[in-house]
Amino acid sequence: MDANRPALSGRGALLLGAPPLLFLLLFFAYPVASIVGLGLSGDTVGRAAGILDTWLDARTVEVLRFTLWQAALSTVLTVVAALPGAYIFARYGFRGKRLLRAATTVPFVLPTVVVASAFLALLGPRSPLNDLAALLGAPGPVVRLEGGLWAILLAHVFYLYAVVLRLVGGVWSNLDPRTEEAARVLGATRWTAFRQVTLPLLWPAIASAAAIVFLFTFTSFGVILLLGSPGTATLEVEIYRTTALLLDLPVAAALALLQMASVLSLLLLYGRLQDRLTIEQRLRPAADATRPVADRGSRLVVGATLGSMGLLLALPLLVLVERSFASGDGHGLAAYRALFQAGGRLGAFVPPVEAIGNSLLFGGLTVILASLLGLMAATVIAYRRGWSSRGLDALLMLPLGTSAVTLGFGFIVALDEPPLDLRTSPLLIPIAHTLVAMPFVVRATVPLIRSIQPRLREAAAVLGASPRRTWLAVDGPVIARAALVGGGFAFAVSLGEFGATLFIARPDVPTVPIAIFRLLGQPGSLNFAQAMAMSTILMLLTAAAVLLIERWRGDAPTAF
Amino acid sequence: MLTVEGVNLRYGEQAVLADIDMFVAEGELVTVLGPSGSGKSSLLRVIAGLALPDRGRVLWAGRDLARVPVHERHFGLMFQDFALFPHRDVYENVAFGLRMQGADAERLAARVAEVLDLVGLSGLAKRAVTRLSGGEQQRVALARAIAPSPRLLMLDEPLGSLDRAFRERLPLQLREIVRAIGASAIYVTHDQEEALGIADRTLILREGRVVADAAPDHLWAQPPTEWVARFLGFRNVTAASVRSGQAATPWGTVTVPAAVPDGECRLVLRPTAFVPDAAGEIRGLVTARLFRGDHVRLQLAVESGHAPPLEVEARWDPLPAPGERLTLRIEPEGVLLLPAGATLRP
Amino acid sequence: MRRLATALSILLLASCDGSGGALQPSPAISQPPTAAPLRELVLVTHDSFALPDEAISAFEDEQGASLRILRSGDAGSMVNQAILSREHPVADVLFGVDSTFLSRALAADIFLPYGSSELSAVPEVFQVDARQRVTPIDHGEVCLNIDLEAFATGDPPAPETLEDLTLPEYRGMLVVQDPASSSVGLAFLLATIDRFGEEGWREYWAALRENDVLVTDGWEDAYYGRFSGGAGEGDRPIVVSYASSPAAEVIFAETSLSEAPTAAVLDGCYRQVEFAGILQGTDEPELAGAFIDHLLSRPVQESIPLEMFVYPVRGDAALPEVFLEHAQVVEDPLELPMADVEENRQRWIAEWTQTVLR
């Protein structure tokens, strides 16, 4: 059966697998090892601390508890919020459904800084809600964002809605609706039929989605940093604060290790969960299962769900864009014009527009580097069997599991001596971005290569093509398309990367997320509006990248 | 007794069911036949209450079911593709309806055993449904539908996904089981052999309308329209002029039965009614042959004029072969007169 | 593939404009076509740095160089960045490390010692580093500021001491800065430590927390975002700021004021001295030294109050009128010895965080 699958020779695999492996070793394993080393040495000023001491410290325990707590809350809220959406997408057909489904994915691919900005705009002191309240005669601002958890939770729900919608909705739409109907004919009410027939079949998808949401919110950084107050700290934020503000590297190292250990355990748990909950299902194409929105009851359900979806997903972004035009009194392009000027009462502050150029440049470099290395790795993974391919695959995914903050911190700690003296080199940024983007390239490419039907190669061979020509003719176009998709992802990831970049960016070479962060830290409505303007631009750039990805991907299967 | 009165159903812009009138007496087995897309499944869904008609009523024993929700109608529905609960085993699937009725554990166990025995699956109670063969799944679906003793049993293409081998025996078995439980039954299929084979009465649906409603033998003897005739598999339909017991057809002159009046009409020449006769009026060349064991189906290219191929079923010895020239006559009983005005588009 | 390559090359070309070149260590600024290439001095400072344009152009003309200013956030993060980038400094000279963060910077050994010729005019009390690794430039007193309008009725009366802030009538009125990130916040913390001693300062802060104190990340957010007085857009009438802030209010008021809308609470003020230093690894040590001399020159020192609202260290620098009228003089500011601060700062911040934020 595998006779016609082109195999990669051992030497070829070594040649192709070496660069990505080396890259991982230098820029992931080495920094992580440095973190471990630093944490183990643990002599901090004024406190004798081993890793365990830090871990067991009351403050660390509190931080960990808070991290788990907000992640759990976020998960529950997201699942509950998105289930109605999953239902109507699975069971109803209405105009614009496909567009809407693509639109719900936009919040997920937005950089966290943009999400945080949008909710700052909506729920912060400068919210249009406050303007409205003032118009209606309210004495003071209605929304203030003073350290409450709500803004963070809402931002998480906004960000991760699409995950639940796609995972649960996808499985739901493939469930045979007649199973539920059979239950109803046999005497079950609608609710009983749902509970006893549909829900058990939906649980694996719900659990999967919940696990992903939990993982993301556990490692959430940008949202918590920007929407929280000095008192709200999750593990990630604490690592950042301990490093950037307190410069207590050993403690930060211990925290980073705790972070890695937690994420690892969560991932293992997730793996176990996956195995236990799969039930064989008869899949039918989704088109059969939907019905039109005909009667009043359906109209009510669909309308209410779509309405709340719009409120949750579209409103923050609309407010973001609107606030970018509102600076001082009235609306205008003042903020956008200000982007070209150096700020401050003195000249020569880096004009924000430069950050856009930097981000695009770094994005381009990331695309090249990530695509090159990613394709090499994908080739080894897809064309070889056995431990070499599986091992490389697992290794490549590791940076994804490590939080960006930990990565950035690792760079600071490790890369300060020649020949890897890159700590303050701008080159470090595309390197960091590549670490995070490479897995996406691999994940996009490998399934596509694997899905090439052997029959196509057989047909080419019968028609007279040599193995090399066959590979070029059959695999080549697929790989090229996968490279485009992977490159698109790499670009989008690079544009929005915040956590690691915050550690390693130089003040004269900011990226757009860094510039937004800086602008948000300055007072005054013009600075705020500029931050909104930059966020809007970043949002548009990301959306463009994603649209291109969707176009190039077509309907081909990928891992997500 | 089920009455369906003037039921109309639209799906968006399209009319799925139009002016359906139907009656099923107690204990009757009615089959509903029609090509795909004719609305058969939709009819069942309306009767079950899964879809509400835009116009018309469904009545049981004279009582309008409009306000009766699906789970209270006490009908049984066996789905195309069976729709078994994949996460439950055979026993739990069959027991579901009884659980909904609130049966106590003892009665439940007894009834499930009884029903499994009826369909021939006792011993498989604990098997996971995903590990059953197609035929076994079908029987579980049937068992599940009849376990709660429904007053009306509806079967939607029950043989749809099974091998040919099953199609011969199972309709009979189904009818026996339905009789045994004493329910009325509606059996929906697109296969005319199935439909006519076991029914007390057969309805034929075309594009959402009822175009025939009669006992199978009546339908066979006298199809109400040409479309029905063609749908039932009748071949050799033609226009003809009748004069004094002789009809001029494109294939030659044939003798018609006595009852056929003079004038223009449309006739069906049954393929089974041809016999070789040296003095016959029909002469042709065998252009195609389908071997069927004890008979062959032939296509005859008739010499006279531009007639379409004539379909002949030959049982005589030796069986004709392609390229052979045949001279035939047709028995008058094999000539069927289609009702007046019964052109292809009723 | 070709599309992507073309797009990328366009992108790369587009971002390589005059001020781009993110990969080059010393980017050139666009120059007039006839002049010889200029030397460039890079200054890294915090967001509150300001000098009049004449002072800058005077330096640039005199030295035949151009000055490029990098703002690196608040003083604390600026110092941290400088420490982390010690091997490849982002600038030639750093301005804005103050006495609270000085110990950290000195311990990390990021400065090149420099003895400015202008130091003779600076009082001894400001020259804290015997090795002259940093040069004092200005000083300010960190004091509580109050919104006079909020206390105009006399009920409650304006607070006068640090202890007053723990009283129930001032509940929910105070906003302070996180000492981990803000030098102003740290100065205030040190003031309370000096006042209440090692045994009492934690209780004091616990009481403040009970009294609903608000903590922000930086001075900007606290003053402009949360303070209600003067230019502030918030709703809390007591903020930690500078003794010179009321004068700043008068200067920047839209209509001319005879009285400042805010006032400093003179009890519990903490002296902060701000320093400049040449960063190790610079290519332009002489130019950097000349800049520090320039900062200490009398005209520039005299311009400091109106630009940055702190006092010049130079003994013979004259203060502007508005300062003499509206800025209160702090007689006896609190100040902890630098050695104490160096030894305990980390621990104090950690304990403060535990007491107030957790």
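So that you can tell them apart, the chains are marked A, B and C in the order they are listed, and the count of residues begins at 1 in each.
Please note the rule applied: contacts are C-beta pairs under 8 Å (C-beta built on N, C-alpha and C of every residue); 3 or more make two chains touch, one makes a residue touch a chain.
Note that the structure is a prediction, hence the values are computed from the model and not measured.
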item: Nearest-to-centre chain - CA centroid comparison; value: A
item: Remotest chain, chain B as reference, centres from CA atoms; value: C
item: Distance from the mean Cα position of chain C to that of chain A, given in whole angstrom; value: 37
item: Between chain B and chain C, centroid-to-centroid distance (C-alpha), Å; value: 91
item: Chain A and chain B, separation of their C-alpha mean positions in angstrom; value: 56
item: Set of chain A residues in contact with two or more other chains; value: none
item: Multi-chain contact residues (two or more partners), chain B; value: none
item: Contact set on chain C toward chain A in their complex; value: 1, 4, 8, 11-12, 14-15, 17, 19-20, 22-23, 27, 42, 44, 47, 49-51, 53, 56, 67-74, 76-77, 80-81, 83-85, 87-88, 90, 104, 178, 180-181, 214-218, 220-221, 223-225, 233, 235, 307, 343-344, 346-347, 349-350, 353-354, 357-358
item: Chain B-touching residues of chain A, taken from the complex the two chains share; value: 176, 178-179, 181-189, 192-193, 197, 200-201, 279-282, 292, 295
item: List of chain B residues in touch with chain A within their complex; value: 11-12, 48, 50, 52, 69-77, 79-81, 83-87, 96-97, 100-101, 130, 144-145, 148
item: Sites on chain A touched by chain C in the complex; value: 44-47, 58-59, 62, 125, 140, 146, 229-231, 241, 243-248, 344-350, 354, 357-358, 360-364, 367-368, 412, 416, 421, 423-427, 480, 483-484, 487, 506-509, 518, 521-524
